[in-house]
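Per-chain residue numbering starts at 1, and chain names A, B, C, D, E, F, G and H are given in the order in which the chains are listed.
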Amino acid sequence: MNRQTAPLVGILMGSDSDLPVMSEAARTLEEFEVPYEIHIASAHRVPERVRRYATEASGRGLEVLIAGAGQAAHLAGVVAASTVLPVIGVPLSGGRGGVMGGIDALLATVQMPPGIPVATVAVDGARNAALLAVAILAVSRPERGLGQKLTRFREQMARSVDDRDAMLQELGFRGYLEQAGSGRS
Amino acid sequence: MNRQTAPLVGILMGSDSDLPVMSEAARTLEEFEVPYEIHIASAHRVPERVRRYATEASGRGLEVLIAGAGQAAHLAGVVAASTVLPVIGVPLSGGRGGVMGGIDALLATVQMPPGIPVATVAVDGARNAALLAVAILAVSRPERGLGQKLTRFREQMARSVDDRDAMLQELGFRGYLEQAGSGRS
Amino acid sequence: MNRQTAPLVGILMGSDSDLPVMSEAARTLEEFEVPYEIHIASAHRVPERVRRYATEASGRGLEVLIAGAGQAAHLAGVVAASTVLPVIGVPLSGGRGGVMGGIDALLATVQMPPGIPVATVAVDGARNAALLAVAILAVSRPERGLGQKLTRFREQMARSVDDRDAMLQELGFRGYLEQAGSGRS
Amino acid sequence: MNRQTAPLVGILMGSDSDLPVMSEAARTLEEFEVPYEIHIASAHRVPERVRRYATEASGRGLEVLIAGAGQAAHLAGVVAASTVLPVIGVPLSGGRGGVMGGIDALLATVQMPPGIPVATVAVDGARNAALLAVAILAVSRPERGLGQKLTRFREQMARSVDDRDAMLQELGFRGYLEQAGSGRS
Amino acid sequence: MNRQTAPLVGILMGSDSDLPVMSEAARTLEEFEVPYEIHIASAHRVPERVRRYATEASGRGLEVLIAGAGQAAHLAGVVAASTVLPVIGVPLSGGRGGVMGGIDALLATVQMPPGIPVATVAVDGARNAALLAVAILAVSRPERGLGQKLTRFREQMARSVDDRDAMLQELGFRGYLEQAGSGRS
Amino acid sequence: MNRQTAPLVGILMGSDSDLPVMSEAARTLEEFEVPYEIHIASAHRVPERVRRYATEASGRGLEVLIAGAGQAAHLAGVVAASTVLPVIGVPLSGGRGGVMGGIDALLATVQMPPGIPVATVAVDGARNAALLAVAILAVSRPERGLGQKLTRFREQMARSVDDRDAMLQELGFRGYLEQAGSGRS
Amino acid sequence: MNRQTAPLVGILMGSDSDLPVMSEAARTLEEFEVPYEIHIASAHRVPERVRRYATEASGRGLEVLIAGAGQAAHLAGVVAASTVLPVIGVPLSGGRGGVMGGIDALLATVQMPPGIPVATVAVDGARNAALLAVAILAVSRPERGLGQKLTRFREQMARSVDDRDAMLQELGFRGYLEQAGSGRS
Amino acid sequence: MNRQTAPLVGILMGSDSDLPVMSEAARTLEEFEVPYEIHIASAHRVPERVRRYATEASGRGLEVLIAGAGQAAHLAGVVAASTVLPVIGVPLSGGRGGVMGGIDALLATVQMPPGIPVATVAVDGARNAALLAVAILAVSRPERGLGQKLTRFREQMARSVDDRDAMLQELGFRGYLEQAGSGRS
């Protein structure tokens, strides 16, 4: 792989049942043309592979790692313990099947002891994890123009909010709610 | 070491600041004359040593592991991922310095995903962790008479409650509360 | 009953509405060929039967007890108070009908006072309760080869994770998510 | 004992460390001249005595039971399972030593399953438990005039609030706060 | 109304959306042939009627009041402030529409300040509220034989648990789960 | 715009997905004939527009602002930081899609530091936010007769509760529940 | 009393133990020269006086009410039920003596049902309650110049932050922390 | 300022009362010889300065921002809304004065909506915030050798744990606890 296509971000998740949420991180990195790799690798079921992955990540050219897990979510912390790369943790709620709304995963991810930080985002916040990775790479990889892309992304986001507000002014809330059935995001 | 003195229980804790609580487990095992070893070994700061310890524990003759940790308490789960021995987790509140009453450590210890259980006891419940270890060994080590010792321990505990109740009947609650300043436990 | 078929594990639950979750413990014990018995026995509705069951369990050859209950989940604690066998508690969320995601059952199960431990697993963690029982029996019943079975179980679990990861590498996340509708676990 | 002095209320607590809080129940019953008895009797350490106490309570002439316990507070539920008398539960926080502010004891006391109610009062609410017992006895024991006493108690409470308000009007809040160091309740 | 049919228990709820849950209290009182009345009366929307109802309840011959409310559930407390009768509070979760699983209603009901107790039952525990009322009336109304009825109710409940356990022994858990689709409760 | 029709209340929400809940505020203001405007304006996505809106609100004649947001709900606080008008915050649960029942939004809205208050209403309490705005305007805009309208609104609300209670008395709870399928609110 | 000195704000608290916190509201109103009155009046102990106070408040010229209470904090809701004036609720934690950090009081204050809003501020946020009252009066009482005073207050607050920042730049954090022992706020 | 000494990290906090915790971030950056600046700048009290600071940060050469705040902790989110630099949020508990153990600040910091991430660390985790900043800079500033420094830091941390464990083996837990009064960390 050359410098343009070798993955810069590694996305890990504890189970393939996490993929519907965690794939948002992959989609977001694609939007920003950031090469990434994505793996299923549980801290509890394949601890050796996780440890090896984390240990070798830096040498393989990865610059940021994203780890999503639910319940007693140890994945991000275990990864962080074996690398000095920035590690972003995504606490997962388990959706309707989860019983605690992800508060267990949030605390198990964010409350890391002094010495080994995990950069934690919101419960099920895989998209923000990717955006945070982009923000980190924007500094280290100026040649990729990620800072400008992020700025444009923010502007588009702002414009989208403004457009919706304009539509709300035009239609009124009753009209807007009627239309929303089809095309609201 | 011979069979009588080789440690059967391994006690781990993430930091020496956990020792005041976790030493209760050691004291309790001594009461039951169960040989043990006790180590400081953080899942995040010395992950390799923890993994190696867990991997080798069974071969070294250990039969139960106890792991105490606070905050995003991964220690018990990380140990459990590398051994098939029963692992008992003690969530630690961090005492007055802790900010969440140990609820973070409790959830991070108990909410293990299917496949890798951790036998979790109460927040700061190091004494109960040792008693649980004794109960497990009572079955596997009948020659040690731990079942009988546990039964006697329960009887003493019951008698102590009964004695206090008798004292309460004798002194009344006012008298009892006055005396309690000196000798209550 | 002979030594091979007499139950070693007793599974209790407070209500037959707990059976869909608690039957996972039974299924798991069957996977490991561990003989067990399973009973409906509420700590509040048939306290005498529960107490008698717990008191006689050891004499009947049982070596581990598993108790699942929801809400103010007292079953495991009540059982533990009348036996010195290891008692594993499964807090139950009550599924969609439950209103607190099982946090009430978790605290009522795990926060046992010093002297009477309950080995608590995750909310609705009946499968892990059985695996923990197997781990305990692995030490006391070497003739059953449970340690090896557990090791194989872990290896299979690891292989399953690895296989899914391989499939993810092959299909990409989009392909994987498409396939997952039919055969994901 | 004659009808006037035989205890009508039984106060139980799991440990003598609960006595500073639970003695408030006794003091309150004395204010109302309601005969009571008070016992230390843990649901986990002396389960047989607790069960026997609950089973025999009605036959011994007791009409209301009060049970205070902390952590996985099973005492009230265990008592309620063995009597049809009204059982009042007092969740105990454990004061500064407790790590969860009593939320564990509250949920373990109040979240009883259908069929076996526990009348739960506030965390550490031993005084209110006694007042609730008095309210229950006021109906069944009209000869004791407890209804009138409760009414007078309420009037005094109201007057005390009114008096403090009057004092606040007179002194202003600055003066009141200065005086409060000595005589505020 | 004569002594047999004049209502002894008053059931209040804050909104008619609470009726599906609170009607369980009415059904239960009917099972025990305890005359009752049931009213919709919000502490916030018709405070005067609630206050008057509470003030006059005792004079009208009511002996126990049950109040169910959700969210900032003030109803039970407001009623308790205007009567010395025992008041039982039922915190309501609001079912699927509620956003906090009833924890708001539980705390708002149970955490009453010293002086004015509310006998709180489990979230959505209307059936237990009625059973608690029956237990209270059993003492004051011996002529109704409520104590015996409660004892029989407990026996039936125990028998039902025993019957289900017997069926489980007969069918095994697989057979039981199959049958449960039609006739489980 | 003249004094009668120029908006007095500004309603903001962070996303158009909040409109189904927040439109209740608009509907309620229309009931009271209070002119308002309603905007989509995220504190994080269009911070400049939000700040400008807040800064200019008073000069444009607005007298109360209502801000609804979910998760880390900063909108109300950010608005309050840039105006001295009263700001009412509505924490949003996100409905079924939200994972924490709105407790995150509640704490992020209400726990403002000294100096910058936000008048917080219940989770998803958009209707109450509007009623609070009406109550505030009732004092400042006596010519609109809002105090009388609020009084009438309260009377209607009380009458509606009374009517339902009357219907419950007439139909009994069984009849009421049957009817409720069609016409209950 | 004339228009300048007749109280515009009524401050209520449930107990004189709330005065140390609630007096902050009084002090703040004095800073803004807003006439107020302050009363001890418990919703549970003197419900009639509270109701009468709320009912008559508007007629007596009060324009905003502030109510502070702890635990099952009903005071603000009870007041709000009997007036159409804006009611501001202050949930009180009870300081060190409280066992739940005020979360009980927060939920009991803020989670009001549709129809009767309470403008809730942070736990122990008495100062912000007063500032919110000032913001409300700023609109209705333009002759008092409260808007300008609030603007000045905000400017001073900003200046104070800026001054501290300047001091931090000058002293460095070590110097600042040393000085802070004496003069930090 | 030249490239070596111009600040790369900006540390913000909402109040000087946060300095004792947040200064840990500064100390940690000094350990790694990372130039930083540190400011007091409240999102609510000086919103304009915060916004300007965030907007200009990138142009001024800053590469990472750290923001610490308590209660409804909006600072990190507000900063993140005005920059595309990585923003690290430190939820602050407020120490003994705080009433919710920092759970309010945690949720208000971490639960950011899609589009604007905040990299959140543990409650009061200022040291980890700095370490995370160092990890981010390690990639973008290879000339500073931060990766090697982080590796050495981890090694020292591991060695320190190992040394303590060795001391524990030498002294036993009783000896260790005795010594710990003087020299434990």
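Basically, contacts are C-beta pairs under 8 Å (C-beta built on N, C-alpha and C of every residue); 3 or more make two chains touch, one makes a residue touch a chain.
Just so it is clear, the model here is predicted, and its values are computed rather than measured.
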Joint neighbours of chain F and chain D, given as chain labels: E, G
Selected interface, D-G versus F-H, where C-beta contact pairs are more numerous: F-H
Repeated interface matching C-E, over half of the contact pairs identical, chosen among F-G, D-G or A-H: D-G
Distance from the mean Cα position of chain D to that of chain A, given in whole angstrom: 51
Centroid spacing, where centroids are CA-atom means, of chain B and chain H in whole angstrom: 33
Numbers and ranges of chain D residues touching at least 2 other chains: 15, 42, 45, 71-72, 100-101, 103, 110-113, 115-116, 118, 122-123, 154, 157
All touching chain pairs, where touch follows the definition stated at the start: A-B, A-C, A-F, A-H, B-C, B-D, B-H, C-D, C-E, D-E, D-G, E-F, E-G, F-G, F-H, G-H
Complex contact set, residues of chain E against chain G: 14-15, 42-45, 47-48, 51, 70-74, 77-78, 80-82, 100, 103-105, 107-113, 115-116, 118
Chain B residues touching chain C - in the complex, by the definition given at the top: 58, 63-64, 84-86, 88, 106, 110-123, 125, 127-129, 131-132, 135-140, 147, 150-151, 153-154, 157
Contacting residues of chain A [partner chain F, same complex]: 93, 98, 101-103, 122-124, 154, 157-158, 160-162, 164-165, 168-169, 173-174, 176-177, 180, 184-185
Chain D to chain B touching residues, read off their complex: 15-17, 19-20, 23, 26, 38-42, 45-46, 49, 71-72, 99-101
